[in-house]
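Structures follow.
First chain A sits with chain B, and in the next complex the same chain sits with chain C.
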Partner chain A sequence: MPIEIPKDKWPGSVKKVTLGATTAEGGTRSRSVTVGGQTTLPYLLFEAPTPNKPVVAIEIKSHKPDDWSPLLGEVWGDAMNDPAQWAKKAEEAGADIIVLALTLADSPEDAVKAVKSVLGATGLPLIVWGPGQAEKDNDLLVPIAEATKGEKIMLGICEDKNYRTIVATAMANGHVVQARTPMDVNLAKQLNILITDMGLPADRVIMDPTTGALGYGIEYGYSVMERLRLAALQGDGMTQLPMLVTPGFEAWKAKESKVGEGVPEAWGDWKARAIHWETLTAMALVESGADIIVLRHPESVKRVKDAVEELVAA
Partner chain B sequence: MQHTVTFTHNDKRSSISVPTGTMLTEAAQLAGIEIGQPCGGQGRCGRCAVLVTEGDARRRSTLRLSRSDVDEGYALACQTVVEGDVSILVPPQEKIERRLTTDRVVAEVTVPVDYDYDQHQTIHRVYLELTPPSMEDQTDDWARLQTALRIQAGIPEVLCSLHLLQTLGKPLREGEWNVTAVVEKNLEFPERPVRLIEVFPGRVDDYSPIWGCAIDIGTTTVSLWLVDLVSGQVKAQVAEYNGQIARGEDVISRIIYSGKAGGEQEMRQRVLDTINGLLETACKRVKAKPEDVMKATIAGNSTMIHLLLGIPASSIRLSPFITAVNHPPVMIAKEVGINIHHEGRVDCLPGVASYVGADITAGVLSSGLETSENVSLFIDVGTNGEIVLGNRDWLVTCACSAGPAFEGAGVANGMRATQGAIEEVWINSDSLEPTYRVIGGGKPKGICGSGLIALLSEAFLTGVIDKAGNVNLMAATSRVREGAHGGEYVLVWGAESESGEDIVITRVDVDNLLRAKAAIYAGFSILADTVGVPLEMTDRVLVGGSFGKYINVEKAVQIGLLPDMDWSRFEFLGNTSVKGAYAALLDWRMRDRITEIAKRMTYVELSADNSFYDAFTSALFLPHTDMSRFPSVAEALAKSN
Partner chain C sequence: MALSGIQIYKMLPQTNCKECGFPTCLAFAMKLAAKQVELSACPYVSDASKKQLAESAAPPIRLVTLKAGTEVKAGNEVVMFRHEKTFYNKPGVFIRVKASDADAAKKVAAADAYKVNYVGMDFVIDGFAVEADGGDFVGAVKAVRDATKRPLILIAKDVALLDSALSLLAGESALIYSADASNYEAFADVAKKHKASLVVTGDSLDALADLTQKIQAKGVEDIVLDLGGKNLSEWLQRSTQARRLAIKSNFRALGYPVIFFAGQNGAAKEPVYAAQAISKYAGFVVLDTFTPELAYALLVLRENIYTDPQKPIQVQPGIYEINSPKPESPVLITTNFSITYFAVANEVEGSGLPAWLVVCDAEGMSVLTAWAAGKFDAERIAKAIKSFNVADKVSKKRVVLPGHVAVLSGELEAELPDWEIRVGPREAVDLPGFMKQALN
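And now, the complex of A and B:
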């Protein structure tokens, strides 16, 4: 007897957001990346294909970080001293997008220089994160936004207490913003309302709902993302935005990836474990609907990309 | 084409010729007449209402005016266009304020129509003419009084304290065996003997007052009404912050403090000091003494009652959240520590549970919710927000911790709704300059609850703060600035304030107000969900709280404190808890009803699942994350942009 699989038809869909502008589009990128556009829950391919598969971004920093795991230092090597070199290596490792994270030590001039050098080194779309202090973020991101007018980079990170300046400069210079909220459906929606209230179109906003690493609250992050996506599909306009997640940052904070010594022997090989941790964190988030996955280790990039291919082809 | 506009203002007439399409406000200005436009001429505030007495003018918007106002000829000067010769009467401002459809003034306290002192009061005076003792009649004083009470007043048995016995001889002799006895029937057990409270020499005027007091012990505010039990009239109303505030703003921190060594005694003393201070003030107003007050009826949340009585309250805080006593027996005032008459009794009204106290059972009584056929929602906006939904057949209730912000506490320039408090605010959407009204009309000292609601709403609608409550530091006014705790808006410059300091609302204040309103909104929306009654199905929304005499419901809706529904369905009841205590003080039947209400109420525990938290965070926004719940606010926003 043939069994008919019931199919859901949702009233809402996720908006498409494009990062990066090619020469034809007024920028200098060799290609742009579009995410979003889903009309059903992740990978229910019998209901609808995945219009834009999740993409991987690799996080690099303007200065060599001193708090990163030596395992990452091992694989990126000297390139970590030069953002342009690092970006190039990240592109080779399979990145679809580069995330350049600035530091508190950067002056506005340094920051603009670093951004320009990364844009010169690769043709990939770019996400730029301020160091995470409201005032400093605004000081750095405004000149960057102006210096890269038309490139359609993504500026981060907007939070509910500090979004006006970043949104204003993104509006003026044709960029996209990243809206971060601490793992809560309502807060995510509220920030999107605040940002779009300023006049920035919703298709230039990407949500960062925050998450925890495997073993550090990922279930909570997962269910928040799931609820956001359900609300989007049910037609709630202020949740219909693609989502960016940072499993690289989260997983490399976890003791399991960070520490090689003084842990139970049963934990096995450090390097293998660390990469598993990042990969598994990332894949759980992919399953919950993430669109941009920010990673740190090239091996994780490879695995996540492979897994995504399988998911969208199944 | 030119038209003649004739204004009558302060009994003076002036005419001006203006072209078609001129706004009435412009014409008035040309004629040298000042029509106040607190909202900046946007038709939002209704303060520029004028009366068109002759001719035609086109009203672009009549928001704020009722249908009958328009029929009478009222128009908003800032929204009305001259299209022919017209005559305009500019009424005095006070007259306008009374007409505005959104202001809800607390209902006057009136003596219940059926109050009959003889039948409903438990305390009575009886005049007795005793047979003077003689060599032949050797009856003792006490028996002599008992006999007179039995024969002349029909009181077969009477109880008497040692103290009264010790002092009985004096009034009997002073009055030459003519005395007025004050007796009280047993409230709890009516079949038991009455109790002698006082014996006055001679005849006391039947119409002179017998004093009683109704007290509401709020977490933040204590209110006391001094009542003449004979006429039933409230003769003085006083209120003061609860002295316990210094030891914690909410019930939980009070309970924790009272658990420390000496804490229980200190908390008890603090609230007693507040009550006794209020008693003193109220009595002075009517030229009486606290000792003249014969009875006190008290409402308050369960924690406040425990702390007043010095009963350990820790079990209220700890699972399974049980009180030591929901309905304390009638007690001797002196033992409780309240300085009324030494024979006076204190009657603490019954509560339901740890977080639904006598304040809410008394509130339900005074709201009339439990007698109406239609389902109503009763919201008591206090430090502990208490909500009741129901009708004469069923009552469900819940409580949520809102904090003291709406009582003006925990806010930088907050204050109670007394002389000098700003109670209404308008902000001009172009200049961002405020207009405000001060209780008593003098220099402002601070902002009370209704003023804070108005300020929050105006700041939001004019973009001074965003929907998350962030102060917009880019706003084009020097009134917005970076303060010690983030952005702030200066409502009153120091030069115009009572203290000489600026009166501001800070980011922290806004956060406190947002949390308070979100807790209350989440409370009633979850309660309505739980019983499956959509909010729009409720017939009336009854709002209680210590806002002073007035609340602007439109603004309370705009900040998302009250649900967005037809304004005519809101009623503002003021302090319902003290009103309920007043009803119970007067009339033993009302006291019995409160006991009945307490038994009928079903308590819904909001912390049982996650839905409250979710509803709370979504309400932590102006007016709400889900804008579709607030269509009138969406409209107002679209208009002001």
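And now, the complex of A and C:
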């Protein structure tokens, strides 16, 4: 007797969000990227196809970072001195999106220049992160949003402290926002409510639920994402947004990736370990529903993209 | 499927004799259904009812235990998502070697000796799989058994070979691979003879369910499923379906742990395949590659996914002595979240520099989480310093705060007026450098 496979039928679905505007759409990107649209849990193709597969973004910085692992210096080389070069190399390495992270040292003029040079160097959609201090973020992101009106870039990182300014400029200039909350379903919902209450349509918001690296709290991020996605499918409108995660940022902060010497022998080969750290952090988050996966090392990009291809293949 | 109180009541004597401590059999039945009492409290239940009740209480996924010098358990899971309760039995990580490989025993010995510490816990490889591939299988099993005391999985098509190899493993519970529709009778017999657990393979869940029932009818209960599937997608779907059928539909024929071979599509994909298997319901994960860096990453992932979401891993608050501190050694402050404690303790220990590490009760949270939650503030830190009598141990009243909570230094000065408050680096990696340069 054939077994009847229990299938979930959900009342809700995830919204589709598009990043980047092509010339026809009022921007200059050679293509745009759409994520979201899921009607069931990740990759359960026996219930529904995956309408838009998760994409990989590569994180680059406006200035060569001095605190990144030397292993990353090895692969990106001199390109790290020039965001445009770096973005080009990232595109070659398979990025679907570029993340440009600004630093505290950037003036608004420098930041706008860096963004323009990256837009000029690649046709990929762009995400721009402020340096992570609410006031400074606002100082940099507002002029950038104005200078790139219509490009549909994503502005980050939009938190409870600074969402007003960033949302307002995203609304005025046709951009998307990256809404970050610290690993909590209710905080994520709350921020989405605040943002949409200002009048930004929900299909211009991507949630960043925050993640920890493998060994450093990934289990919290993993479960919060599973819970957010379940809530979305159950019909909770304020959780029905695609999710962005930053395993590259988190994993390369971990000692396992950063340091090659003076670590236990049982940790094995440094380079292989660092890549495993980033890839496995990413992979766990892919399983729990990530839509945009921000990475740093080209080898991890390749592995995660291969895995995603397999997961969406019928 | 768990029975309701009424269903249980029907199986009780219904005499309301009160010996169980409840006024009526129904009241007792309700408590039983809620798993708040043991059936043994009623002296009058019939054997038939006992059997039926025990069956209904059986876990939806059977617990399968492999045993040799050590033990590996799989199964007994009750939820689809870890946040619903927790995942219980961490998937056993096994390394596969081939009988024809002259270095098989050497490889096993190397992996067997592997041990890695993660936040105070030692992780090891759980066992080994030996595959018959034309070489001297029985000889290889013997050599592997000499190289490790851990449980074994034996992989062969020839039942006679398995029979001889299993004879070497008397007193153990091995796992044999694998029975399919064409050979299950002979495999079941040999499994039964040697008290081994048995993997079944089939190209659909229907086929597998059919087989497990037949094998059970032959008296083998400890079954493990190989769900097949050619890529990540198929595997994820099948393992989700099998888990759902077992847990949600109480479908006993698939209520068994699952085994997954992570190297099946090549070494390049193995890390990612194993990672998916760990998050998505495998009970045994077999690797073809053993490297310390991969083992470490996978064992940490497994630990993280199987951590009970209700209880962050914690250490006991208190004052910890690192590298035999003296009265003039520095006092460092941190929280009792295991990951935080070990990040700091390992750095300091590795540097060889002596220190007193004061671990505050921050309810098992990291520095910033605890700070944001109000569980790691000046008051709590001061309380820890006082209650652990830190002042009696040191000659220099100076404490070092984690750099991430530099904002606390003012308040802490007010709480501890006769102490010097210093702000350390943000990351523990930079502590040794800081201790050498800034603390003298």
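Heads up, the rule we're going with is that the second predicted complex is superposed on the first by the 313 of 314 C-alpha atoms of A that agree within 3 Å, B and C clash if a C-alpha of one lies under 4 Å from a C-alpha of the other, contacts with A are read in each partner's own complex, and residues count from 1 in each chain.
One rule holds in what follows: a contact is a pair of C-beta atoms (placed from the backbone, for glycine too) under 8 Å apart; a residue touches a chain by one contact, two chains touch by 3 or more.
On a predicted model such as this, the values are computed, not experimentally measured, just so you know.
After overlaying the two complexes on the shared chain, residue contacts for A:199 are found with neither chain B nor chain C.
Looking at the superposition, the partner that touches the larger set of chain A residues, chain B or chain C, turns out to be C. In the overlay built on the shared chain, the residue A:258 is in contact with chain C alone; chain B does not reach it. By the touch criterion defined above, A:307 reaches chain C but does not reach chain B.
Legend: residue contacts after superposition of the two complexes on their common chain; A:184 is shown touching chain B, with no touch to chain C.
Once the two complexes are laid over each other on the shared chain, residue contacts for A:11 go to neither chain B nor chain C. With both structures placed on the common chain, the touch criterion links A:272 to chain C but leaves chain B unconnected. By the touch criterion defined above, A:160 lies against chain B but remains apart from chain C after alignment on the C-alpha atoms of chain A.
Counting contacts as defined above, no chain A residue meets chain B in one complex and chain C in the other. Those residues of chain A whose C-beta lies close enough to touch chain C in the complex are 2-3, 5-6, 43-46, 182, 214-219, 222-223, 226-227, 230, 255-256, 258-259, 262, 264-270, 272-273, 276-277, 279-280, 283-284, 287-288, 303-304, 306-307, 310-314. Against chain A, the residues of chain C that register as touching in their complex are 81-83, 114-118, 205-206, 209, 231-233, 236-237, 240-241, 244-245, 248-249, 251, 254, 268-269, 271-272, 275-276, 279-280, 291-298, 300-301, 304-305, 307, 309, 339, 343, 350, 366, 372, 429. By the touch criterion given at the top, residues 160-161, 164, 184-187, 189-191, 193-194, 197, 238 of chain A touch chain B in their complex.
Chain B makes touch with chain A in their complex at residues 466-468, 470, 472, 474, 614, 617-618, 620-621, 625, 627.
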